[in-house]
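Sharing a structure here in structure tokens format.
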Amino acid sequence: MKRAQLITGLILVGAVIVAALISLAWTPFDPIRVVPGQRLQGPGWPHLLGTDGFGIDIFSRLLVGARTTLIVGIISVGIAAVIGVPLGMLAGQVGGWLDQLVMRVSDVVYAFPALLLAILLASVFGASTLTAMVAIGVASIPAFARVARAGTLQVVASDFVLAARGAGTSRWGIAVRHVAPNIAPVVGVQASVGFATAILAEAALSYLGLGTPRPTPTWGNMLRDAQQYLFVAPLQAVWPGLAIAVAVLGFNLLGDGLRDYLDPRLREVP
Amino acid sequence: SGSVVPSPTAPEHTLTVAATLEPAALDPWHNTAASIPQVLLYNVYETLVKVNSEGELKPLLAQTWTVSTDRLTYTFVLNPAAKFASGKPVDAAAVVANIERMKSDPKLIETLRAQLAVIAGAKVIDEHQVAITLTHPSVMWLYDMSSSLGMILDPSFTGDLANATAGSGPYYVKAHDKGQDIVLAKSDSYWGTPARYDDVTFRYIADPNAQNAAMLSGDLDVISNLQAPDSLPQFADPSRFTVTKGTTNGEVVLGLNHKSKALANLKVRQALTAAIDRRALLDTVWNGEGTLIGSMAVPTDPWYEDLSGLNPYDPAKAKQLLAEAGYAKGLTLRMRVPVVPYAVKSAQFVASQLRDVGVTVKVEELDFTRWLSEVFTNGDYDMTIVAHVEARDLGKFANPNYYWHYGSAEFAELYRQADEAADDQAVAKMKLAVRYLADDCAAIWLFALPNLVVTKNTVDGVPANATTLSFDLTTIASR
Amino acid sequence: MSLLEISDLGIEFGRRRVRALDGISFTIEPGQRLGLIGESGSGKTVTALAVMGLLPPNAVVSGSIRLAGDELLGLDEGELAKRRGKLVSMVFQEPMTALDPTMRVGRQVAEVLRLHTGTESGPARERVVAMLADVGLDDPQRVADAFPHQLSGGQRQRAILAMALINSPELVICDEPTTALDVTVQAMVLQKLDQALTASGAACLFITHDLAVVSQVCDQVMVMLDGRIVEAGSVEKLFTNPEHPYTRGLVATARLDQVPPGQRLPVVEDFYSGGHR
Amino acid sequence: MGLPLRILRRVGVFVASLLGASLLIFLVTKALPGDVAQVILGTDATPEAVATLRSQLGLDQPLAVQYFSWLGGLLTGDFGHSHLSGDPVLGLLAPRIAVTMWLVLIGLVGSILLAIPAGMIAALKRRSWAGTLVSVSAQIGIAIPVFWGGILAVVVFAVWLRWLPANGYVPLLTNPAQWALHLILPGLTLAGVQAAVLTRYVRSAFLEVLNEDYYRTARSVGWTPMRALLRHGLRNAAISLVTVVGLQLSSVLVGAIVVETVFSLPGLGSLLLDAVAQRDLFVVQGTVMFLVVAVLTISALVDLSYLLIDPRQRTTAGGQR
Amino acid sequence: MTEPVYRAEALTRSFTTGGRTVRALAGVDLELARGGRLGIVGESGSGKSTLVRLLAGLDRPTSGTVWFEGKPISTLPERELGFLRASVQLVFQDPRSSLNPRMRVGQIITEPLRSKLVRRQLPADVDHQERLAEVLTAVDLPLDAADRFPHEFSGGQRQRIAIARALAPKPEVLIADEPVSALDVSVRAQVLNLLTDLVASAGLTLIVVSHDLMVVRHLCDQLAVMRAGQIVEAGPAESVYTDPQQDYTKALLAAVPRIRSTGPLTPPRG
């Protein structure tokens, strides 16, 4: 059951990654070239999933969309992790007023929901993938900082860190050799969940018109564009919706699966 | 707002109209938004003359008018029955007071100020006669008087325009719930044919899809102008809906910045025009609804002729022209468009087709305010797409400072001559000016927006064409 | 009739059927105190949980458990719940976590009483305070009004003891009740347990890995090794004349006080080298 | 540390957070492109007029002065004026607060009411089909974008079935029945999506309780699993859930912004989006500030509510664990 | 008189958590000669671990001073504690938590040798692999244990790994905080035997903390009894054990559970 979650997650996430990789080398059709005569075709051959309102092959756009989606996830999670994890570790290891400062600042950032930040940033720098990624990334920093801090506190309180100090290991050495490897799993779980959040946030931003501008295909703006054909060609909206759901589900399952897999207490629930 | 369970007893006494953009304020003299006259013009404020659905000038507050032979003095005979909601008569003094008020208003918006400039003065002849003199003859100015410029406000009114009973029209403004709707109520003392409805609600729903959903769920009576023509099949059921199709004054213009080096070259402009299949664009972007136009005139303009075939789709010729202009190796242009459905979709189409002839288009989407400041005011763009919704607005091309920076002195002269021409020659001269624009590829005219009004099939009398910015309620009735 | 009759009890865990108990049999008579010792992981707790019917759902149980004449295996949850806390009750190892941290101690004890006897809350409170006094708490009123975190480990363990005894069960199962306590506190808790059991006449299954402790509470002892009972008998006999080599090793290592300081201590491997890790 | 001291400390942190947030908002909105004065006066204004307006608005003063006068205004309830309509920002906010508040309230309460039983079933019956079904539905619910859920709800309940209005809002006092009808779909959309998220937390909180010794104790004294979980689990799970709900708040608010767009509700979210699009600086500042203050206030209240739920926090003794 | 290895004067240590102050140590004086074996006993919370941490230089006293081989260590900054780290090593109570689960046994054991502080104190030619083999042999573990992870070992074996780590830099002082409390009776004897042997063969100075008087008596020649942050009784182990002066010590002794039997012990058979 626990394994099933992990494996399902791996398969779904793997599918998204494979789609993104394929799109780098090849797509069945040009994902941005408008073909006026072929609008809104149903699924079939050669357009596996049909064509959109511009006569573009939906399958090709989905493949490219997987890439955008992954990039959004990687960059925003990257920003959040690269800033959040060291901050959290620092707060946890040094403690005292630094800890208080980091945590209070992260509280304030937390009060800025990602979307609010994205709205603000998009209005300052214009709607683009970059601003969306930065906004989502910055807004997720507190989550990573918290997770890293909690993990660090736990590790630092453990006897093996005391033993390492007794063995003369420096603070830096403890951070690198003891804290980092031991919080890596929880950070990994958070990253996986962060990916799912980022994908959903990008979709929401696209819906509000603050995401990636056309013609670059993202699942979010495909979904948004599909709305107008809701009654004429409902499948238009099904494909990107499904893709988003699959990716989010995949990353969430992966995260949950990892968490359960790594937490022996939960593994032995009576 | 609307009701979920419509009361079975016909006819209805309220009407709910969906509109897209909400005006921030209800003061047309200090706000440019086209959404203000949509609600107020003809419904709340009346003008001396009015443009009907066919584009013809008709009497409203003025029963008749005469033009002096030098075409500089217009004398209007006011309808003696006309009176404001306050009960005061709409007399010559009120007309003069309105013109003078605007003339002395330092904050008057620029569009009105420009239109006002042609008026030399106004004077009371008797209680019901007023004479207006012009600085030079103009065909356009009487049309202007049928728009916001000509709205006659009760001179004695001193209240808040948001709850205004300051007009002479069949309705007055009852309430404006910001973010939601504006409610007009029947003016009981209206001097003409009484209003059909007790209350008319303009409900603002920005998202076209949400408008459709509200209509389909029975919450609306009218969609004032459908912004998602692809959804028309949803309203195919004749037992529930009626769709009225007509034209508007909105030319969707692919504006070219003539200050941009490549675009100052006629060959490039011709190439770009030939590279875009406008029929396919209209089919793809606006579901084939609307009219192909080849220049700055729409079918309801008296000087309209179909020029859409003038520079037909021919990618091979486009490539050749580009090569001749020295851009055989390619050309990169920035297209900055406001985030409105027709512009965004057209931009994607245009970018794709221009790519086929070797022109790289970088599309940027800006929200409208930003578009106004960066594209419209600062001219920081190569290409843009926007619908010019005002009536008879080809004169914009005569202004070299307008955001296209189209500096053709020849056109300016052609336009001036046409505007000052006598009635019998005006149309022919306008046609010359219009054709000049097309030949010079001053811009690329993608299409004219259609007027697509969806109503419950219980609603009747919707005018086919939107010849002014007004959503004219006076002809609408329920069956 | 024996109070508890276990025969050929086998327990396996999970899909891979890891064997935790390997067909054990024993009986407890009314009032009898039986000790169960063995190293960590030998199956002591599993045995106790099987009697309580609290094994996790992934456990596969075979054999028979008869309590006061009724077969427990196969009984539905409702029937088991009726017996728990009334006929048989249990004291767990960790006093720090065995009480609900959000509920006052007195109320937790009273709930057990009211659950099975339907006593009104007024009289229930009196009984609870009396019971708390019986297990040796000096200030039962205060303890009753305290939240668990306001009590020391020894106080908490005695409160848990009160919970286990308040319905005068026939059988009390103690799973290492003093392992987490200080030596001084341990001595006190064991003493009170002894008194309370004597007073109520309840039988007791006492689980521990400390031979000294078991010798203070019980008369009969079983030694468990890798899911089997390898030896059983009176405390006296076990310590003076252990038969199984493992038991012999266990007894030898336990007697730290009999080896002069600094000298090599006997280890279990000196006696028994089979089976376990 | 005494209870009053702890409350005082929490309040201090709250005030510091507010200051930090206000500074952040001020600086970010300062970076908005386009000259505010230019935007107000429109495209044809003369440079002199723009300059005059700039000094009228205090835009030519040093940033620090602008910040403190803005902050001072906030404290006295003066959020500035909308550039577009000239209305006071507070006046624009006021009618919209109610809309968003109702939405958030329904979303929050609805999601809690849905998620607690669902999470309990998912935890307790995790080995049977019922629990698996709940868990799987929750996972799928999380994976569906809010706006997509909302649009689907409109299609089904408004367009096909025509049971409910597709969008729009009627104030409570104008027509209570219509008010309720118009809030059902958006409220349920928000609650549904949040419930899916919350269910996972509830499930793991209850799983944790199932692991606890005191749950085993409760079972051992004769409670059935469900009743043991209700009597001893709920309160304990609530402690960890309160944190989650506090953290959820900002995501409910975000959800509300999106839902307001889907259902064309005149709430703070649509006000904010419009104001950003129209570059209405003071409205943007005011709205964001209000939202952030709301989030911070509620998270402070959540922190303080621990003191009520968890007796370990209440007493002066820090606990002997 | 030779300089004692350890000397402590008027040591106090207070902790403040959540605004409440706990006096973990309330004035402790102590002296330990080279080669001495000191046992510290006392009830839970009496300050045993706190005292030991101060002696090991892993924590700083609120007031008072600790001298190690004549040098005051309480005020030295961490980076100057190299000599202490090289000469004093620690073994903790729970072998599960005192070994970093994500490091191989070999890495764990050689960590003191590689740490910056200790490295400088050691002869330059120390061969890590050689030393690793030596200590593994000393604690009776197979050499291939070095390549495995801690979780692959039983509790007793893990405690031996911890002891091996402590022995690696050839310390003069070994401090063990409840080294056998977490172990099963059957394994406890093995570890105690190992400690006895090592201390004797290497001539280590030993400090053992335990709440079990028997353990302390077995390992040590001196005894200190702690209560509420103070040493209430100290002296030669045997005399404290057989002739306790303080009531508290008597109570501690009386509470030790004894096997209720008088019969002779079965002699060990090979």
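Labels for the chains are A, B, C, D and E, by order of writing; each one numbers its residues from 1.
Here, a contact is a pair of C-beta atoms (placed from the backbone, for glycine too) under 8 Å apart; a residue touches a chain by one contact, two chains touch by 3 or more.
Predicted model only: the values in this text are computed from it and were never measured.
Among the remaining chains, those touching chain A as well as chain C are D, E.
Using mean Cα coordinates as chain centres, the one most removed from chain D is E.
By number of C-beta pairs in contact, A-D leads when A-D and C-D are compared. Inter-chain spacing, taken between the CA centroids of chain D and chain E, is 53 Å.
Mean C-alpha position of chain B lies 41 Å from that of chain D. Remark: chain A and chain E have CA centroids separated by 47 Å (rounded to whole angstrom). Chain centres here are Cα means. That of chain A falls 45 Å from that of chain B. Residue positions of chain D touching 2 or more other chains: 33, 127, 151, 155, 216, 261, 276-277, 279, 317.
Each of residues 209, 367, 370 in chain B touches at least two other chains.
Contact of a single residue of chain C with at least two other chains is seen at positions 54, 57, 153. Those residues of chain C lying in contact with chain E across their complex are 39-40, 153, 182-184, 186-187, 190, 209-213, 215-216, 235-236, 239-242, 248-259, 261-271, 277. Residue ranges of chain B in contact with chain D, taken from their complex: 1-4, 24-25, 31-32, 109-110, 177-180, 203-207, 209-210, 213-214, 216-219, 367-370, 372-374, 376-377. Taken together, the chain E residues at the contact with chain A in this complex read 53, 56, 58, 78, 81-82, 85-86, 88-90, 92-94, 97-103, 111-112, 115-119, 162, 165, 169. On chain B, the positions that touch chain A within their shared complex are 208-209, 228, 230-231, 233-234, 277, 280-281, 283-284, 339, 344-345, 347-349, 351-353, 355-356, 363-367, 370. By the touch rule above, chain E contacts chain C in their complex via residues 43-44, 154-155, 184-186, 188-190, 192-193, 196, 200, 211-215, 217-221, 237-238, 251-252, 254-261, 263-266, 268-270.
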